[in-house]
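To keep things simple, chains are lettered A, B, C, D, E and F as they appear, and every chain counts its residues starting from 1.
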């Protein structure tokens, strides 16, 4: 079994808050991340897949296919967007790094199995100091 | 003469658009950066100052003082904010990397001269692929 | 289950040596790392924790709380210090990257469980070419 | 049990192609990586080993010994070479990142066990966006 | 005056040698870089341009236009190619980092002036330890 | 004229203090950097030289010669050492990043001119957030 990781990037706005909280409570729980005027990040996404090497090509899967799939399924929806307002798979969810990683997993798991591999890990970096990993 | 550079970071939302343009024209000129729902970046700021080494301390200036000044004058205003809506020194300006660099220069030039050094360069990185530099 | 990683940094002096070895033997076993006048590093620490996402906040734990805990329990003791002479949890131990990782694990495992998560991995980078990982 | 990782680098030429394919088919399957005139990369190799800390030295193994071993067994053969034409352990194999990782594993597993540790993972980065991992 | 830098990347094979030298002399002068079977690098290119900010757009030039120009004029010719054999603007020149930087300058200087800016610097990184800069 | 930069690294201990200051005054002026038990850093050094490209080799100077020179003249003296106690060219000087850059310049300027180039800039990074540059 071999593991392959592809890095992709998206730049997005978001806000951490609950509509059922007052502004004061949102500020207390989420700090400056609750700013009603939004803020944003250069997110970095690492998608790790696993499976057997195809002896015909030497590849687990062609990385161009993997990159195209990640771009069409998730980057297109996230890049230069507002995660709270515009991303279908984040609707009704808090836009935390944890939930973004889980949301991306759900978008990619089946399409990647259709490529002939298995999704192993979604890693989302929000800043150089913070990242979340989800293994399904 | 010696040059010292301090790196600071801020995460912010912004949008590139002109209110006197139609949505179509904004999209044509500014592309996906004109998204009315905002997007954002992890900006990296490099502030370079120059001057003589103080023979008493071996410093051009104490980097803690420089960092405190940058934080109080510009990072505090930009971090986890919306550059178009909330940053006084960007009011009425297009929130391009070029203009952010020029805006930060204007905030820092006099305070840095009060520290006993001279501002040399403001470098603002919007992504790993793009940055602007302003030398006054 | 979700995994979250927080990066922190500390700059410290250390020396690899055994007091029961002669200088020659220390030099033979530990090379230039045994220099009696010390040397030092910019260490990078990655703390990975795991657990369930809190549906109220979207967080595993609030990263500000995690960062505060790491700083108060380990960074405060290590940063700008001499690991051999000043760090209580390294007393009587060789100041290798391996032992630093194990020492930090022991300091953080219980406090992190008090935050409502489980410590998963301590990763300590000594240089850009070397790092140690400990999983308990 | 502790894990230690050593980073090494090699700059090499390669080409992805099958001699039993026509040029057209090679181009279709392998894209621009099939260029008959070769292209190349700055490969980054991370070798992770695991085992018990030696209480005498505080080391899993001396990293200088690990680095020397990696250099003599694999870097010497790969660096500034043509992976398709000159590397004995890649003979008859497609020079994909997957196969390079597997090939390096086979070269290092026994020598590392002779150092008193166990090979855990070979990670090979071809670009900043792509890497393969092999765990045996 | 503002300066803007765009990063682009290309992966290429090359060899340092003179056809009028013997193999021994090439090896003596160029070391392992003279390997007749080629080797390669992940080159990183930084293109810095300068000029006035357009008050209509807030841009020196639109970075998408700059990136498109760099890709069509130089990256397309270099990426996944053999610099010695396939790159028109390197014909008859030693494929050193210095000459690659000068060659790229000559390709880009006029097209960038047609964009309404002035080429300021071409920086080419061959490895993480080496880079060349050319200012015309 | 072409510019070439070589990166080298050294890991060292140091302390910022004046023997004619009391411990309290050292702490007030230099903060935690004045710790009498030392601390340390992974320093990164960038040496930039300039001159004409040699049409015979395509090089400004052979980077192997430049690297050997930097290692024999400065890295050998600094790496795994105590900058305050063991480095001849820092004797009697405050071990600030500014003074380290100036000290390295003085060691390298003449030897580099003997290589047939001119020293242009010494850049010393103390952490990922701080660096000094000296142009002579």
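The definition used in the following text is that contacts are C-beta pairs under 8 Å (C-beta built on N, C-alpha and C of every residue); 3 or more make two chains touch, one makes a residue touch a chain.
This structure is a prediction, so every number in the text was calculated from the model and none was measured.
Novice: Counting hops between chains that touch, how far apart are chain B and chain F?
Specialist: So the least number of steps between the two chains is 1.
Novice: Chains in contact with chain A and with chain C: which ones?
Specialist: A chain counts here if it touches both chain A and chain C, which gives D.
Novice: D-E versus E-F: which has more C-beta pairs touching?
Specialist: Output for the comparison: D-E.
Novice: Can you work out the whole-Å distance between the CA centroids of chain C and chain F?
Specialist: 28
Novice: How many angstrom lie between the centres of chain A and chain E, each centre taken as the mean Cα position?
Specialist: 34
Novice: Find every residue in chain C that makes contact with two or more other chains and list them.
Specialist: 128, in rising order.
Novice: Can you name every pair of chains that touch?
Specialist: Every pair of chains in contact is listed here: A-B, A-C, A-D, B-E, B-F, C-D, C-F, D-E, E-F.
Novice: What residues on chain A touch chain D, complex-wise?
Specialist: 1-8, 48, 53, 56-60, 62-64, 67
Novice: What does chain E use to touch chain F in their complex?
Specialist: On the chain E side, the touching residues are 16, 18, 29-31, 93-99, 101-102, 128-135.
Novice: Which stretch or stretches of chain C touch chain F in the complex?
Specialist: Against chain F, the touching part of chain C is residues 9, 11-14, 32-33, 35, 37-42, 79-82, 85-86, 127-128.
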